[in-house]
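Take a look at the following structure, please.
We call the chains A, B, C, D and E, going by the order they appear; numbering starts again at 1 in every chain.
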Amino acid sequence: MLLEQLSGNLIQGVVLGAVYGMATMGLSLIFGVLKVVNVGHGAFVMVGAFVTLFFFSSLGLNPFIAIPAAFLVGILLGLAFYYAAIKKLLNAPELATLLATFSAGVLLEETVKMIFGSEYRGFNWDVGKVDLIVTALPMSKIFAALGSVAIALLLYVWFKRTRAGSAMRSVVEDSHGARVCGVNVDGVYAMSFALGIGLTVASGVLLTMFIPVGINPYMGGGYTLKAFVIAVLGGLSSPYGAFFGGLVFGLIENTSYTLFAFIPGVEPFSLTRFLSFLILLIILLIRPTGIIKAK
Amino acid sequence: STFSAFAAGHGKIVIGHSACLSGKYAKAGEQAVGGIEACVDWVNNEYGGITLGGKKVPLKYKKYDCESKKESVTSLIGRLITVDKVDVVFAPYSSGLTLRGAPIAESHQMLYMDHGGANNKIFEQGFRYAVQTIGPATSYHKGTLDMVKKIAPDAKKVALAYEDSEFATMVMEGAKNHAEKLGFEIVFERTYPKGTTDLTPLLSAMKAAKPDFVLGGGHFEDGQLFNRQMADLNINVDCLSLIAAATLPAFSDALGHMAEGVMGPSHWEYGVTYSKEAAKEKGKQWIGPSQDEFVSLFKKATGDQKMLPDYHAAEAGAQVLAYVLAVEKTGSTDSDKVRAALGDLEFMSFYGSWDIDDSGLQVGHSMVDVQWQDGKRVIVWPESAQTGKPCYPMPTFDEKKDGKKALP
Amino acid sequence: MSLLRLENVTKRFGGLVAVDRVSLEIKKGEFLGIVGPNGSGKTTLFNVINGVFYPDEGRVFFEETDITRMPPYKRAPLGIARTFQIPRPFASATVRENVAVGAMFGFQAKTINVEQSLEIADKVIERIGLSSHGNKSAGVLTPVEKKLMEIARALAMKPKLLLMDEAMAGMHPGEIDNMVKFLREVAQEEEIAIVAMVEHIMRAVVNMAEKVIVLDYGEKIVDAPTREALSDPRVVDVYLGKGAKEENAEG
Amino acid sequence: MKNRLSPYYPLLPVFVAYFALFLVGRNVEGTWQLVATLLFYCALGQAFNIFLGMTGYVDFGYVAFLGVGTYGMAIAITGLANFPQLGLGIVAIGFVLAIIMATLLSTAVGAVALRLRGAYFAIATIGVNEGFRFLIEGANLWNGSSGMIFTAQLNEILGRDLASRVMTLWADILVLFIGALAAVVTLLYMKSKIGYALTALREDEDAAKVMGINVTKYKITAFITSASFAGTVGAAAWALKTPYVFPPEVFEIHYTIEAIIIVMLGGAGTLLGPLVGALIYGVSKYYLSIFLPGVQLFIFALVIIFVIVTFPEGVVGVIKRKTRNTAIGQYII
Amino acid sequence: MLKVENLESGYGAMQVLWQTELEVEKGTITSLLGPNGAGKSTLLSTILGSVRPWGGVIYYENQDITYMPSHKKVGLGIALVPEGKHLFPNMTVYENLMMGAYQKDAYARSRESLDTVYTLFPRLKERSWQMAGLLSGGEQQMVTIGRALMTMPQLMMLDEPSQGLAPKLAGEVFETIEKLKYDIGLTILLVEQNADASLGTADYAYIMHEGKIKASGTSEEIKNSKDIREAFLGI
């Protein structure tokens, strides 16, 4: 009985973790290249959710088609925000960028509220489900997880194989060195920020495939906090680290519940959240570069 | 109260409201404002104003946006009372914000009417000017339990799974007491934190407890998630009742066939059969627009033809009517007098009956339970308010997917 | 009694041995020069002496107390002060405040108050010739002024041992001569031992140091009176280079 | 010869501002609750500035200290409600408890998190705030998520009239005193070794160590001082002004952000800055919610981005730079 | 080939360069000398554009390039071997070198460039799959120079290329610089602390102090002027 639950939760955790991982890559990418913590992360995820909703409910299109669209929306938002604020704040104390990204998040929330209202929406993309004996998984979740893995792989290949990817890597390694190689470092900053936001907004599509309900302008806050924990698990500045961090986080969230449920007089689910923040602190202290050794 | 627009000779009676138009309660706040505006409109244009000292006095509504933040609540209520000199203050949405404003209203001896704070404890604090329109949290799930008891005497095992928040745990407490009183066995009782995006572990554990029916929920987003993930995990029960979320139109929009047969307690629903005639039958005073009038006034007020009022709108609107009646009854806008009149007041409106106890707690209003049947909300409980029979047990998720509707 | 004594100090970074079994001794009021090619471990040695790094092996004694693993902030009140190779002013504070910080947390940390520190700062600033800049933010000083301010800040600490990491780099020969004279005076008055690490400026080494230690690949290869050390063939080989030999040795 | 009092001149504008606020609030009809809100922002800013402004460390979980302070007062009132004869003594005990709890939490957090720098510190402190809240809810500490509502107990302890005046007047005046005291402490710190040490470590922590500064000690000192002020602000402005506590409300991350905005608008590390920031923020927010209900957050977000990009030093930061070495300059630090 | 007139620049509020004037003739080695902090590195960075000029003009082959972004300047054939290496430590030697050929034109001819670099530094060919961060100091310096060569420069600016190297290695670096001039035909602007070695290889020399050019002339003139040596070089 217990084993069945545990293994069921484990499987769910992996699937969830893949999506969480993908949803954090943008945050890590931006921190890695620009050393900016995007406190408005969740709001960008929310934008992705609305893009999906719009595609599915208003246009009747498959959520997968929303991925490139959301990505594009993210790129545009990212570029606009980069040139309007971030570019001027790169050398300012981190306080300034923290506040600026937070405000950008609020701006998005309020804008979306004005356009779409504050209703809690959702949609139902029914593509069947698989029964795994210990648990059941809807195909939409599996697609979301596979989509996340695919995007993570794509990003990996892009980083390793393309010219722009190598330029970005070189800026992360040593921005001055990159400059003397003829890399347009300022351009790379803008591109990384835009790409990071693009990934984040696109991850909103995958998260919405995973959880197609509860879509509203203020849904992002929880994702921001989760993304911080995941990013730290993965080393904060490494997008692939973040991906694996997501997997680990999904597992922690879904398995510790089964164990906490044995303690009488407590709320086990809330304790799993406590645990994840405790782990965050411990990792920051013993190994701020993340538990997954980024290559 | 020393502050009174009417007493000050403005020739108007003013309702002051610190509304949650932005921030986390924006959704409920928007509804409440629409409901109030609809009823103010009715009072002024249909009812002809408030009869006071033989004259018809118009009603005015003055609102500020408190951003769902408590600091703003106090400063705005302070302003409403002392600068705008309103005659009554309507509290903001949520128990916390309602509590925040109460001491200010008390200190100015200003009538303080609560349309969005359901926590019973608000009325255990000894506030003299606080009066509740929304029903107390502990009564949310009474109806569902009564219904199951009545129509399915064999059902024994109930699972309770709520959001870990002040409001939902209070609902759970009420449900638990009532369930025990009715002799149900509670086989599962758990909470999940606010903002959860995956309920799988909790639902898996709940599934293992094999309940006959499930009561739960908390807010809008988690209710949708709850239902959705029960479907994903193929957890079939005879009855599922979720607070807050299940009664909203968005619920079925978001979930489609998965919402079939799901129930939810509501303070008010479109379709309730509260009418002038029913009031007469019960010997109760009636005031206000009919249900359909209310809906159209609401649409006019919000300027949105697609948006329907939900219970947040209805209870805020009913609160306007209660105030109007009480003022007319005492012939004064003095807070002490109106408060006393409200204590004696019993009436019926499109929202149902209204009656408070000495502490100000709403005891007269009973909730209704709605069920999604063939994509529509049907009021299935209490029997006196029914617009249709309940479907029990509801179809399994697989059956629903194949198009089976939750019809009785 | 020695003021500072290092016994077989080794410091590694990963596989790199930055300082390799170095022993040395400094007496009260003595002037010691440490020279060596880039990367030979001079700065690392300084960092070991004032506690930025703890050595992997060996011991450090100050006034015969073992301070090998004492945190840096406890060493300053014992009377150890330093300047940085790349100046590190507290940029937003004024020059006066920067120097006062030295006085406040240096050798007299226990007894001194803020006002007295500021008075000391004013004196030191005046003596070193920065009076006119006292109320400027340290961040806007020129490089040479920053170096002077660093020396002032270190002197305000009333140290017994002053570690100077290329403090005179970037100064004119004339300025260097003045600085050397100044340091000699102050050191004599206050009995400060100075370990000056001067790389390119032979002039200062020759005029100031009584003794020179030469490092190469972290190892001490020569430890001798200045003139003798600078004409040592090994030093010429690893450090001075052939062309420079004659002139440098003459000073 | 300089006046012995001249180092304290900068307090003058601070006190004048507080006094003016008080006068306006008591004399202009309908402004007291607004003033109360402004006082809350002032006190919050002054308290936060002691840490954020003086050390440059961004504590994103700062609201946790207001939260535990609120709990401190709540525990005192609910726990001692059976001894109403203690009267105001219970409120005093509440403050002591608030300070103790904030101090304990800040010591624990400081000991671990202050080893981190920059973004890592910011994220760690967010984690502390959220984690602590989930611990309260998950382990059902102090009633868990149901929180506590204790207006009735306060009424019982103080009597209805006094309790009502505490909730609507005295709590606000206490907040005023806390804010003013935080300003005094800020100035005392600035003028003492602590201030010099903090400036040094803010600019260059490693160099500061070598200068003999025990950076950990000074960081922790500033952190605990700032946290215990936050604790008292929570106790007065939240627990006494509105006697209830629900965990999600008192650990709401928005308050940290508001505190950061206030400090930053005014000028981090300046004495007058938090006050000026609080007034600008509070007043503009108030009028926006009156004249443009529903869009103020939108407008605010735009304004804040604009301000950060154009005046990163804050209002008082700019004034300070402009008036340095002038007669007014000695009042503004 | 390169001409700098009245150049001013700095960091934040701090001005470092004051009315700097400098000229580099095609096919020569020009040496820039001066004490630490004189502003030599700042001058090179300003020429490349990673530090923004505050005023003055920079001409490259008679074209005004003062405010051109640095990646375009690299495209024109200006290369910088920066002070402190600035390698990409977690990339292989090969990847580091290929980053030099980042720009399209250079990429198109990267094979040839790579051959040139490997002939010049056979050691790098042996180590091409090693992470650059794990190389010895001397090898790292070779990578930096090699990477600059991969950009296919006309003008190569080297900032203290012998820094951190043992004298023997430093000697090799100077030999390499001469090879670059004679074998490949590059024009070189060389910043060095090591005045003797630098003057030994250079055709012309400039002396910089506190952000200003204080003296200039052929290497011989500078070498033989005792005043200059005393006043600025401390040797």
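Definition applied: a residue touches a chain if its C-beta (ideal position, glycine included) is under 8 Å from a C-beta of that chain, and two chains touch if they have at least 3 such contacts.
Since this is a predicted model, take the numbers as computed values, not measurements.
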{"item": "Intersection of the contact lists for chain D and chain E", "value": "A, C"}
{"item": "Labels of chains that are neighbours to chain A and to chain C", "value": "D, E"}
{"item": "Which of B-D and C-D has more C-beta contact pairs", "value": "B-D"}
{"item": "Rounded Å distance, chain A centre to chain B centre (Cα mean)", "value": "36"}
{"item": "Whole-Å gap between the CA centroids of chain B and chain C", "value": "76"}
{"item": "Distance from the mean Cα position of chain D to that of chain A, given in whole angstrom", "value": "32"}
{"item": "Residue list for chain D, restricted to those that touch at least two other chains", "value": "134, 137-138, 144-145, 295, 297"}
{"item": "Contacts with two or more other chains, residues of chain B listed in rising order", "value": "22, 164, 191, 193"}
{"item": "Set of chain C residues in contact with two or more other chains", "value": "none"}
{"item": "Touching pairs among all chains present in the structure", "value": "A-B, A-D, A-E, B-D, C-D, C-E"}
{"item": "Residue ranges of chain B touching chain D (in the complex, touch as defined)", "value": "19, 21-23, 63-67, 69-72, 74-79, 81-84, 95-96, 99-100, 102-104, 106-107, 119, 121-122, 124-127, 164-166, 169-170, 191, 193-194"}
{"item": "Interfacial residue positions of chain C with respect to chain D in the complex", "value": "50-52, 71-77, 82, 84, 88-93, 97, 100-102, 104-106, 109, 113-114, 117, 135, 153, 157"}
{"item": "Residues of chain D defined as touching chain C within the complex", "value": "191-193, 196-197, 199-200, 202-204, 206-215, 325"}
{"item": "Residues of chain A touching chain D in the complex", "value": "31, 35, 37, 84-85, 88-89, 92-96, 98-100, 102-104, 106-107, 109-111, 114, 221, 225, 228-229, 231-232, 236, 260, 265-274, 277-278, 280-281, 284-285, 288"}
{"item": "Chain A to chain B touching residues, read off their complex", "value": "1, 5, 8-9, 12, 16, 110, 113, 117-124, 126, 129, 131, 135-138, 141, 207, 211-216, 218-219, 221-223, 226, 253-255, 257-258, 261, 267-270, 272-273"}
